[in-house]
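One chain, chain A, links the two complexes that follow: it is found with chain B in the first and with chain C in the second.
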Partner chain A sequence: MTETGWYVYGVVDGDRVLDDPAGRVHVVSNGRIAAVAASVDLSEFDELPDRLNDEEWLEAKARDHESVLRAAAAGGPVVPLRFGAVYRRQEDVVQLLDERADELVADLDRVRGHVELGVKGFVARKRLEDSLASDRSAAGAATPGRAYLERRRAEREVEDDASAIVADAARSAHARLLERAVTGVLNRPHPRELTGRAEEMFLNAAYLVPAGDRSLHAEVDALTRAYAPLALSFEVTGPWPPYNFVGESSREEVAS
Partner chain B sequence: MSSRDLVSHGGPAPAQLADVLERVLDKGIVIAGDIQIHLLDIELLTVKLRLLVASADKAKEMGIDWWEGDAFLSRRNGDHALEERLRRLESAAGLESGSEDRE
Partner chain C sequence: MSILERQPLQHDVTLLELVDRVLNKGVVLNGDITLSVAGVDLVYVGLRVLLSSVGTLDRLQQEAA
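This part shows the complex of A and B:
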């Protein structure tokens, strides 16, 4: 006999109806707010540490979590829960809603009518350094030894300049993008092993913007045009459910 | 706007796994379920480390640490020479910090 439980994806308004053709995803409401949940086979969550390191399993589950929340977000505000919240009984899900109702309602109201957009910045570092190097005048040196030392020093300065430009671009871009958003957060850039790209990611930010508002997209296009001579580019991802803008830290941020 | 518009408008590419994992594993509300996935399990840390800590090291390698701490928007104090060099470089590239052209 398989034992089933309830996997909880997120929280929506209490009167929401979700249209899931597969009939897998349900709304569990306490009247005021509701959990987006699906019945799961508990045995699938046995030996979890092993599962979490099974990349195929993790990818399938993470993408399922994301796509259910994305679908829910299309019809109204949704407060994403972190991956992996499973309750044995439906009553326990309702109890969660009761216990944390005030906090969850506050989060729902804050993200209502808004979406999260991701912005990533990339640098083609070699191209940036090459263009900086070619800007320097190559003065003739008296001896080969002296020429070598000067070349090494010039290389180091070019590297420093490139790093300074990249850090400055990230700060400046974030400040400009914040002007187009309700709020925003900076996350750590992903390493190349994760992005699989030749360029290095130097900016990984998320912004909360009104749904349908394209002004942040326009600002990202403007940034890309402005920084193209420095081999920097910017990209938008999303709209995402507002993962980065729910929870205690978000409330503190807004309150301050 | 209908949900259909959100999906079809602009035809966004399928989300990168790293972007999904970062959000799904590291963001969102944390609740205490009956079966709790302990994100601090050593094993999962290897995933998180790959995603987050490794990128922190990479960023530091690149000389980027401005996102650490609260004062990321405040510039490092006392580095006027660097500031000056940046201004020169940016103006050479046609960028004027503080007076960027807007549409």
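This part shows the complex of A and C:
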């Protein structure tokens, strides 16, 4: 026999109606707030550690989570839940809404009318270092041994200079982008093993901006133009449901 | 086989970003790690371990091995 549960994607205002032609996604309301939920076969979540390393499973689940939240966000504020909140019964979902109502309402109000944009910064480090090296004067050295030592020292200095430039660019870009946003967070850049890109990611940020406001995009374009000579580039992703601006951590941040 | 060995996410930064958001961000309704559904009303399916970073997938995979 198949055991089913309720997978909760996110939380919306209590009076929301969702249009899901497939009839799969439901709104479970306690009056004040509502969970966006779907009935799932619990066996889908068996052997979770293995499943999370199953590319197709993970991609399908992540895309489902995202597409339901995205649809919900189109009609009003949504508080994204982290993947994997599954309840046995609808009554359990309602109880959860009751218990966490105050903080979920605060989250809804914070993100109402806003979207999340991601900004990534990339550096073609080799190109940056090459351009720094070519800027240095190539002074002639007396002996081959001395020339070698000086070359090595110069290389280290170029690497240090490049790192300082990248760190400064990350700070400066974040400060400029924050001026175009309600708030923002810095996340850890993804390693190249995961991005598969030749450039190295040095900035992985998210910003909460008014829906439809393009000024952050314009600032990213300006940053890209300004930093192009240093082999740095910036990209915007989104709009996303406001994953980075709900829950415990975002409240702490706002309070601080 | 770990996700890192197969590098399924490369060439698609948006998917990587998506997975990072879906697994790392958002409100956590219950911090308990519950891989079994037996006898519990709330099954927070296990993911608190998961992820201060995408790299945790690899650690999780190693722990599971």
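Rule of thumb we're sticking to: the second predicted complex is superposed on the first by the 256 of 256 C-alpha atoms of A that agree within 3 Å, B and C clash if a C-alpha of one lies under 4 Å from a C-alpha of the other, contacts with A are read in each partner's own complex, and residues count from 1 in each chain.
Operating definition for what follows: a contact is a pair of C-beta atoms (placed from the backbone, for glycine too) under 8 Å apart; a residue touches a chain by one contact, two chains touch by 3 or more.
Small disclaimer: the values here were computed from a predicted structure and weren't measured.
Novice: For the combined arrangement obtained by superposing on chain A, do chain B and chain C clash, or do they fit?
Specialist: With chain A as the common anchor, chain B and chain C collide in the superposed model.
Novice: For A:244, is the partner it touches chain B (first), chain C (second), both, or none of the two (neither)?
Specialist: In the superposition, A:244 touches chain B and chain C alike.
Novice: Contact-wise, after the overlay, does A:189 reach chain B, chain C, both or neither (first, second, both, neither)?
Specialist: Only chain B; A:189 stays clear of chain C.
Novice: State whether A:14 touches chain B only (first), chain C only (second), both chains, or neither.
Specialist: neither
Novice: Name the chain, either chain B or chain C, that contacts more residues of chain A.
Specialist: Between chain B and chain C, the winner on chain A residue contacts is B.
Novice: Answer with first, second, both or neither: which of chain B and chain C does A:229 touch in the superposed model?
Specialist: Touch partner of A:229: chain B, not chain C.
Novice: Based on the superposed arrangement, let me know which partner A:3 touches: chain B (first), chain C (second), both, or neither?
Specialist: A:3: touches chain C, not chain B.
Novice: Based on the A-chain superposition described above, do chain B and chain C contact any of the same residues on chain A, and if so which?
Specialist: Residues 5, 8, 10-11, 42, 45, 48-50, 52-53, 58-59, 62-63, 65-66, 79-88, 92, 96, 100, 104, 107, 118, 187-188, 190-191, 193-195, 237, 240, 243-244, 246-247, which sit in both footprints.
Novice: Provide the residue numbers of chain C that touch chain A in the complex, in ascending order.
Specialist: 1-4, 6-11, 13-30, 35, 37, 40-47, 50, 53-55, 57, 60-61, 63-64
Novice: With touch defined as at the start, can you tell me which chain A residues reach chain C in the complex?
Specialist: It is residues 3, 5, 8, 10-11, 42, 45, 48-50, 52-53, 55, 58-59, 61-63, 65-66, 79-89, 92, 96, 100, 104, 107, 118, 120, 187-188, 190-191, 193-197, 237, 240, 243-244, 246-248 of chain A that touch chain C.
Novice: In their shared complex, at which residues does chain B touch chain A?
Specialist: Where chain B meets chain A, its residues are 1, 3, 6-7, 12, 15-31, 33-39, 41-44, 46-47, 50-52, 54-59, 62-64, 66-67, 72-73, 75, 82, 85-86, 89-90, 92-95, 97, 100-103.
Novice: Quick one: which bits of chain A touch chain B in the complex? Just the residue numbers, please.
Specialist: Where chain A meets chain B, its residues are 5, 8, 10-11, 42, 45, 48-50, 52-53, 58-59, 62-63, 65-66, 71, 74-75, 79-88, 92, 96, 100, 104, 107, 118, 125, 132, 135, 160-161, 163-168, 170-172, 174-176, 186-195, 200-202, 204, 211-212, 218, 222, 226-227, 229-230, 237-240, 243-244, 246-247.
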